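One structure coming up, written as C-alpha cells, with questions to follow.
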Amino acid sequence: MAALILLAVVTILNFIITHILPGDPVTALVGQFPAPPAYVALVRHDYGLDQPLYVQLWLYLGNLLHGNLGYSFGSQRPVLPLILQHAQATLLLMVPALTVASIVGVWLGGAAARRVGSWYDNVLSAISIGSYSTPIFWLAQVLIIVFAINWHVLPAQGMYTVGSDYTGFDTVSDYLLHLALPGSALAFFNIALVARVARASMYEALHQDYTQLALAKGLRPAYVFWRHVLPNALIPIVTIIGFNFGSALTGAVLTETVFGWPGIGSLFVASIVKRDYPVLEGIFLLTSFAVLLVNLITDLTYGFIDPRVARTYQGRS
Amino acid sequence: MLSSVAAAAKSVLVVDDVHMTYHSHGQTVYALQGASLEVKEGEAVGLVGESGCGKSSLGRALIGLNPPGLAVIDSGRIVVAGRDVTDLGQGDWPEVRGNPVAMVFQDSLSFLNPVMRIEEQIAEAVRTHDRGVDVGRRVRELTQLVRLPSAVLRSYPFELSGGMRQRVGIAIAIGCRPRLLIADEPTTALDVTTQAEIIVLIDELRRSQGMALLLISHDLGVVRSVCDRVYIMYAGRMVEQGVTTEVFGAPGHPYVEGLLAAAQTEREGRHFASIKGEVPNLSSPITACPFAPRCPKVFEPCTQEMPPAFTLDPATGHLARCWLRSPAFESEADA
Amino acid sequence: MVSRVDWRIILRQPAGAVSATVIAILLLLAIFGPVLVPGNPDHISGDFLQPPFGHFGLGTDNLGRSVGLELFYGLRISLLVGLLAAASATLLGAGVGAIAGYFGKSVDGVVMRISESFQVLPTFILAALIVALIGAGLDRVIAVIALLAWPQTARLMRAQVLRVKQLEFVDAARCMGVGEWRIMLGEVIPNAFAPILATATLTIGDAILIEAGLSFLGLSDPTVVSWGRMLSTGQRYLFESPWLSIFPGLAIFATVLVFTVLGDVLNKVLNPRSA
C-alpha cells in the first residue's frame, strides 16, 4: 500500500539527511576544544561513522527494526525510550486541545453556515485569516503575558507545579490549570481551521436536496439537522482534521517551547541546541510515522463512515 | 378560477387565486400571478406547463418547501385538507407534511440521504405517521407495494437505479399515509420504459390507497394517461382547465393547441413544431394575456386585459382564459 | 502571463486594494529604508531593557539594541526570505508540475508520489532538522523553505495543465506543427498560470512564518536581525520586558496577514470556483 512506501521513503530520507548533508556530527560530539585526531577517529569509529555509506544504511535499518534509534549524545540514554517518554506529555497536550478545538470548531462553523454573509460569518472568516497569519509561538507568549503575568490567573510554565506533592484529584486539577494556556494556544489555531472546513461542509449539506425530502416526510427541522445534515457534513470535516494532524503536531512542538511543557517539542529544541543528532533524527522519524499513521487511520475511517467509498472498496459497483 | 361544481368540504386541496413572489439579490420574481386549482378526495389531477411557468413553485408551496424568507405569498389562499396553510409558520408545517400531503420528487438520487440505508429512510416516514405499527413489517410491506425486492432495504441510494430510487421515493410518500400525493415531475429524470412503469405504479397505488393525486409535469402524455382532470399553467396562472380528454381533445386556448401540436409532431418523429417565441419574463406582473406575444390568433383585447375564465362546457367544468372564448366573440364569429 | 490577470478586479475589492497598498509600502520601506531611517540595529548601547514610549523609541533589548531599528531591519529580512523562498518554490513547483501534467505517464507518477510524501511529513520539523544539520545561513534557510513548499505549487500547476491542455487551441497549435515543448511553454503554461499567483502569494506568508519559527528556535543566521530571533530573546525576558515579544510578533502577524489577505483575494478572483 501507499502508506508502506511512504514509510520507507521517510526512513531513507531520514538517513540521507543526516548522513549525506554537510555538517559533521562528530565535531559536535567532541566538543568545542580542538581534540586530538586520534580521539576524533575513535569517536567516529564508535559511532560507526567511518564505515562506507551503504554499510551505515544497513546498520541503521537493522537498528531501527530492533527499536534501536541510537543513543542521545547529550544524555547518554537510548533515544527511543527518551522520545516516547516525552511523547506522553505531548499527547496530554494535544489530545484535549484538539478534541475541544474540533467540537468548538464544528459548532462555530455550523453556526456560520446557517448565517452565510452575516456579520457573524464575516467575523469568523476574519478570525480564520488572522489565525492563519499568526505565529503560534507569539500567541503563546501573548497569552502568558495577559493571563500569567498581568492577571496572575494561570501558570505560565511547565506541566506540573514544580516541587509539588499532589495526589489524586489535586494532580488532575494542577495538570488542568497548567494545560489551560498552552492548550488554548493550540486549540485556537485548530478551531479556526476546523471552523472554516465545517462552514463549507455544513453549508453544502444544509442545501442538499435530501433535506427537502426529509422535511417533506414531516420530520422536524431539528431532527433533520442532527440525523441527516450533520452526518453528511461531518465526513469531510473528520478527514480534514485527520490530515491536519501533521501541522497540529508542529503547532504543539512550538507551543511547548514557549511554555516549557515537557514534551517532544521541548526535547526537540534542547536537542537542537546541543546538536544531539540521534535524538533529532529520532524525533523526525517518529513524528513522521505518527503523522503517517494518523493519515492512514483517517483514510480508513473515511472509508468506514462513507458507504459510497466503503462499498467501492469491497468491489461492489 | 374555481369550478362552480366543487363543494369545498370534499376537496383535499384548494388553491384560490394565489399570488407569490420571490425576493433575492434585490430582484423580485412574480412566480405566481393568480394560480387557482382544486383537487377532490381520491381524484387525479394534472398540472401541466413548461419550465418557468410556476408549477414547481406552486407544488413546493403546497408542502411549505419554498425558502421562507425569500418566497412570499402576497394574496390568495391555500387550503390543505380543510386547513388554511397560506401563512403557516415553519414550526407548524411538520404537522401538514407527510400527512395529509406527501410529495414525490423528481430525481431521487439527490433527494435521498446518501449515507443512510433505504430501510431507515422509509422507516422514518412510517415512524412519524404510523404510530404503534410494527415498523419493520410495514417497511417491508411498502417495499412490496412499490414492487421492489427486499434486498434494497439494506442498500444505499447510490447502489440503486433511477427507477428503483423513484420507487423508494414513492414508498416513503405512501408510508406517510397521505390523503394527497403530489408528484413533481416524477418521471422526468427516467428513461422512457421506466417512465411508463413508474407512472403506472403511481396510478395503481393512488387507487388502491385511496389517495388524491396532483401530478405536475411538462409531459402531456404522462398526464393524459393518469389524470381525470388537468390544469394548464402559463406565466404563473391557469389558462385552461377541465376534464383531461376534453381539454386535450378540443382545447380552448391557443397555447394548449400549440402544446398538443408540438407533442404530436414529436411523437410522429417529425421535426418540432414548437411554439414561436419564449416564455415571458416574470420580473414584473403581467396584466394582459401573457401568451399574447406568441399567440397566432392574437387580436385586440389580448394585449389590453387578462381574460377571465370563460366556460366552454358547464357540465364538465371546462374553462379557458382566452378572449376567443368570450360569448361576445363567439357569437360575433358565428355571425 | 501576469498581464493576463485583470488587476482592476483585484484592486476594486477593498481587501485587495488595502493589502496591495500595504505590501507596496512595506516593499518600499524595505528597499529604501536604510536611507530613510538611519541607525544600526546591531549597535550595542548601555541602556538595556528600556521600556518603550519613553526615551528609547520602542524600547531596547537585553543588549541595548533599539527594538525599533531591529523591527525595521527584520522587515527587510522577512520580506527577502519570503519573496525569494516563494519565488523559488513557485518556479520549481510550477516547472515540475507543468512537466508532470503535460507529459504525464511515469513522470507524472513520480512527481505525484513525491509531492504526496511531502504532504504527509511534518514539514516544519523536517526544516528544523535540516537547518540544524547544514548550518544556518540565510541562503540555506531560503533553500530549505523552497524545498518544502514546491510540492503544493506543483500539484496545482499539474491540475491546471491537465485542464488547459485539453482545450482546443492546444490542438490547433499542434496542427500547425508547433513542437510539444513550445506548446507547453508558449500556450499551456501562460493560461494555466493565474491560480499559481494566488498560491505564490500565500507561500510568501508561509515562508515568513517558517523563517520566524526557525529563528525562534535559534536556527537562523545569527548575523542578521530576524523577528523570530527577537521573539526568542523576548521569551527569556517575558516577565520583565514583555514589549520585546509583543512588537516583533505584531510585525510578523501584520506582514503575513497582508500577504494572506492578498492571496485570498487572488484566490477568489483567479481560481475556478469550488463548491
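Going by the order they are written in, the chains are A, B and C; count residues from 1 in each one.
Keep this in mind: a contact is a pair of C-beta atoms (placed from the backbone, for glycine too) under 8 Å apart; a residue touches a chain by one contact, two chains touch by 3 or more.
Since the model is a prediction, treat every value here as computed from it, not as a measurement.
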Identity of the chain that, by mean CA position, is farthest from chain C: B
Chain pair with more C-beta contacts, A-B versus A-C: A-C
Inter-chain centre distance, chain B versus chain C - centres from mean C-alpha coordinates, in Å: 58
Distance from the mean Cα position of chain C to that of chain A, given in whole angstrom: 23
Inter-centroid spacing, chain B versus chain A (mean Cα positions, whole Å): 56
Touching two or more other chains - residues of chain A: none
Residues of chain B touching at least two other chains: none
Complex contact set, residues of chain A against chain C: 2, 5-6, 9-10, 13, 17-18, 21-23, 129-130, 132-135, 137-139, 141-142, 144-145, 149, 156, 204, 246-247, 249-250, 253-254, 257-258, 268-269, 272-273, 275, 277, 280-281, 283-284, 287-288, 291-292, 295
Residue ranges of chain C touching chain A (in the complex, touch as defined): 113, 116-117, 120-126, 128-130, 132-135, 205, 209, 212-213, 216-219, 228, 231, 234-235, 238-239, 242, 245-246, 248-249, 252-253, 256-257, 259-261, 264, 275
Interface residues, chain A side, partner chain B - complex: 208-210, 212-221, 228, 231-232, 235, 305-308, 311, 316-317
Parts of chain B lying in touch with chain A, wherever the complex brings them together: 63, 65, 90, 93-99, 102-103, 105, 107-108, 110-116, 124-125, 128-129, 156, 158-159, 169, 172, 176
